[in-house]
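Going by the order they are written in, the chains are A, B, C and D; count residues from 1 in each one.
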């Protein structure tokens, strides 16, 4: 029988894969940012699994990885804020993709 | 299973000052909104240089690393800062480059006298200081998560510098940079999570004692090193670098190219020599070197084909970064007792330092040339010699170091790498080093040739450049050249604090 | 330590000091007139200083200067030519735009080219060698014409390739010795028997051979030498190529017999000697003909070195240097003479052409000239077989080529029939020409075991004369069929290579496209993930 | 304990994540992401990490969701959804992501036993400081430098966002946060909720010393209240040149720094606390940080200045 930490570990791996897929393939920056957040959440859960497994000395989970995740979540939020501000400004100036100028017909051009 | 404890050394508090001083400056500029943001920066810059020099003197005098345990909490629970010979060298390098950049940037980022605060000076000076804090933390940090925070600091300071002018291309470049750097960060963090799950510590010294050869460690290192390579823009992960470094204002490009991309490389170095289970994997080292070789050859040719000066220099940065990755197999295969006593390791570090000086000088010189001529098309650079002769001379001297011609730091570095490649019979690496030198010479001469040509008839000088700015740029280039007089052997100083890590 | 060895330091320091002094505008304006003085310490050092070594910077840098017989011989000749050519330049370049820049490149090249004769450690050698090589770019590129731009580009490209070859060779040399920067002779002594001996020797021969213009690495020379101003051509063809000669002399373990490498070098040299003649004969411009003659003559020097190297014959270095000295002075005088002819009207032409003919045939070993001495002295190294015959035959080739040169030279005469060149120009030319005739006679007894009288014995005279006669006959014959010989463009092989340029451009474009593809977001991020996984897999599975 | 709820949670979570990535419309995608955030909070509770759950709900789901929703609205007329990449590329990427996931899954399924942990070490020193919440202790004592630097990250991010202001508008106020159609209920909420929210926020901060809660959670709740007020158009976002705003932003980090340097005199070095005063100092620092975080978070969501300074 699979343990609950392993289950959440698998969930984290799944989130990472889904996030990566979106980050690699989504043509528009906003969707990439969202995918990045999924990817980040998956990564944080790995810390969570380590924390849960490390429950000891009367603590329900190892606090050190939890603290790291809290820091990580805030950093990811800051990154999202900067990225969103950037992509909004970029959209205002008429660009909406990440790959500049070059003819790139099948890939990054908005339809 | 208790890892050896860090003992705080006398003078360790200076390490804290090195990290916190730029933060104080940054917060002061932000909060006070003084008429001239640069005034605060000019207080902090020399101060930081003094602190770096003081730490260097301390390390040199005691012959041991300077250590500080924050809050008195021992790692792995707490966090330690530690300055060994290598990190203190890079700290001094950073301080020198930033001070020079600060001087040159005075012309472009002074607050106009009729305004209380202007956007670009305020942003530029706060971010430069934030960047400094990040770099010092990268060099001093001993905890992988602490290093993650430092890397994020670095990214957040570097990205807005890229799009300071707000043009569409630079916004695009900045967004690409940010997102790709973020993937790199996440991969790094994922690796850190796996390592914590496997060892219950992220302290470098602790990991060094515990590291096993198992799947978790391998995958973690693979993710972390690849993530860091993305941040360092090693070929073929250089997608973001050329537009970002070419689009930023010259003063910012100088810092980005000279220092920022070195930080992730520095962490790779730490991971490889301090964390990876030893003896390190020879094939993986070869992989790194092959990417380095591809970087050198491919991006040098690309540099040769650029029409714009700053793009050329940016591609040259990717090429020169390639040399750094050659040191992994060279340092490992050497018969020196430790990696850092090998010629290859020393050559790699020297390449890092001399490239930082030369590239900073080159970008600044390119900036001044562009300011004077009003453009940076290589084809139309004629007349530059008559308007900004000192900048062109600085460009030439810096180019000397990039080409690896004597006497220059780049020459000694490449000579050491070549020697190491010969001694360890890595012939491909040797060939790439030589070929890279020839290509670098080609792209540098292409520029000099145009810059030294007589001005065409419709030549007009757009702006006159104050002498002190040109001389600062020249000073950096001369530093790169003077490095060429170091002896051709491993230096004891770079090895301080590395033997018998705690 | 003798009281004279400050001269060695001054040899390098004075010209460099002049360059620095150019920061002062008043000096910069008058720099041309100072050019003749720059090589004076070198000349004095060659006369008075011998045998000592001075360490300029202590270990581990160990920058060391030393002057031995071989170095002194070449240093003296080179200093003399630099002085005379400097005098020539100070007159002929006056008032030309960019003459100040020219003077700076001149002084830097001078420093480097004299430096190679007097430095004793590896690092300094590489330093001065590069200085000479790269500064000469400024001399080649001086006239800003399409022709000179092409020439200077080719020059630079090949000079850099040469630098790379030599650097690699040096690294292999040094890797056999402990410590940072060994003396050249220590490094060479350690070379024999080291596992890297063969590749090191190969790289050194290629690198220095490129500087000497050995086929097929000669391509830059016929382009670069003729496009420079007259005095610069003289020093390029006379002196700078000798950096390659001194390189081979210093870095090959000549005393250790090495039949294979020696033979290879000799064959390469002889091949070059004939190749230079054959291509040179098809050239139109006298300066280009002279450049091909330099290719050919350097082939002879290489053959001399090769012959000596194969048997380990003692004294090879001195003999090769003696030959090189002869060529240095004669070729310098010939190039300056081209300038004199250009300034002379048809009425006075004979007074210039006759000494020029004497100099020209000196290259073919005309009796009583330095050429005869040089050929006589080096002949025994070739033994009696085919090699000796070929070496002699190369003299016939030289005569042939020089006859062609003299024929073309007349066409350069000044349109104004009564024109006479300026006295100081003539003086500079005459000085070198006279030195080329006198100096070798003075040195000959010192460096060989022969008496001077042997060189003028009937047998020796005959041996020197018949190749010249053959060469002249060939020249007569070729004049008949002049119209049907094909014109080979200057730089021969490079022209074929330049055909490849569109291909290179296509490769460049393909590379740019690749870069665009690699820098697309999905591609780069897929590569990133692949690398991460590949790296992890390597760490896990490859042990 | 049955794993059934966990299975269900993980299943929903992954489905929501797939929906987030696969949704055609970006608004759907953002809503999917907010759902993921809520489910993640639950997952964190199941992982016994209540502090993280609170932070995830407040910052990861809440603030990020708001930010993304706002971006969606702003992008409306300009950005159109791009064409999806070709099939081979999708397959290749899919395979690669699967390989990464497989490698990670293998590692999670075969963990090291016994699990390494720092929990005993963390617990051992907690009594010295007199605090009850181990996570707060790690954040503000053991690893305070990371927390300090992370505040610097936030300030830098704010500068980075402001850097995108056009030069002419520098110093002005960010664009209005008002929802598209102003609605009665929203205004009502904005008038009623803030007092309650502020109480909750303060409670979370105060409580954070001993029980789950803390600076971020509290700060985020405060920020949420402020944003609510701005969205209901009761208050305009402040001008970014205002000294008071700037001082609020740096207030937290400065207090933290002062407390850190005070350690040189009153304890044994930077960021160390004297045992007797540890708790008050930490609570003070937390309160200051929470205030700054509230302001920074609010301003980050508001974005760069869009109106010229008055």
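Everything that follows uses one rule, which is that a contact is a pair of C-beta atoms (placed from the backbone, for glycine too) under 8 Å apart; a residue touches a chain by one contact, two chains touch by 3 or more.
Quick caveat: nothing in here was measured; it's all calculated off a predicted structure.
**Student:** Compare the CA centroid of chain D with every other chain's and tell me the farthest one.
**Tutor:** C
**Student:** Work out per-chain C-alpha centres and flag the one nearest the whole-protein C-alpha centre.
**Tutor:** Central by C-alpha mean position: chain B.
**Student:** Ranked by contacting C-beta pairs, which pair of chains comes out on top?
**Tutor:** So the pair of chains linked by the most contacts is A-D.
**Student:** Find the geometric centre of each of chain A and chain B from their Cα atoms only, then give the gap between the two centres in Å, rounded to an integer.
**Tutor:** Inter-chain centre distance comes to 27 Å.
**Student:** If you average the CA atoms of chain A and of chain D, how many Å lie between those two points?
**Tutor:** So the centroids are 14 Å from each other.
**Student:** Would you kindly tell me how far, in whole Å, the mean C-alpha position of chain D lies from that of chain B?
**Tutor:** Centre separation, chain B to chain D: 31 Å.
**Student:** Between chain B and chain C, what distance separates the C-alpha centroids? Give it in angstrom.
**Tutor:** 42
**Student:** What positions in chain A touch 2 or more of the other chains?
**Tutor:** Residue numbers touching two or more other chains: 16, 20, 23-25, 33, 44, 46, 49-50, 53-54, 62, 64, 68, 71, 75, 78-79, 82, 86-87, 89, 97-98, 107-108.
**Student:** What are the residue numbers in chain B that touch two or more other chains?
**Tutor:** Touching at least two other chains: 77, 145, 149, 152, 156, 159-160, 163, 166, 171, 176, 183, 190, 194, 196-197, 200, 215, 219.
**Student:** For chain D, which residues are shared contacts with two or more other chains?
**Tutor:** In chain D, 85, 89, 93, 96-97, 100, 103-104, 107, 111, 115-118, 122, 142-143, 146, 150, 153, 156-157, 160, 164 touch at least two other chains.
**Student:** Which part of chain C faces chain A closely enough to touch in the complex?
**Tutor:** Residue positions touching the partner: 516, 519-522, 525-526, 529.
**Student:** Of all residues in chain C, which touch chain B in the complex?
**Tutor:** Per the touch definition, chain C meets chain B at residues 60-61, 97-98, 101, 123, 126-127, 130, 134, 141, 144, 156-157, 160-161, 163-164, 167-168, 171-172, 174-175, 179-181, 196, 508, 511-512, 514-515, 518-521, 524-525, 527-529, 531-540, 542-543.
**Student:** Which positions of chain D touch chain A when the two form their complex?
**Tutor:** Going through chain D, the ones touching chain A are 1, 3, 6-7, 10, 13-14, 17-18, 20-21, 26, 29-30, 33, 36-37, 40, 43-44, 46-49, 51-52, 55-56, 59-60, 63-64, 67-68, 70-72, 74-75, 78-86, 89-90, 93-94, 96-98, 100-102, 104-105, 107-109, 111, 115-120, 122-124, 134-135, 137-139, 142-143, 146-147, 150, 153-154, 156-157, 160-161, 164, 214, 216, 297, 300-301, 303-304.
**Student:** Considering only the defined contacts, which chain A positions touch chain C in the complex?
**Tutor:** It is residues 20, 23-25, 98-99, 102, 104, 107-108 of chain A that touch chain C.
**Student:** Provide the residue numbers of chain A that touch chain B in the complex, in ascending order.
**Tutor:** Chain A reaches chain B through residues 16, 23, 29, 32-33, 36, 39-40, 43-44, 46-47, 49-50, 53-54, 62, 64-65, 68, 71-72, 75, 78-79, 82-83, 86-87, 89-90, 93-95, 97-98, 100.
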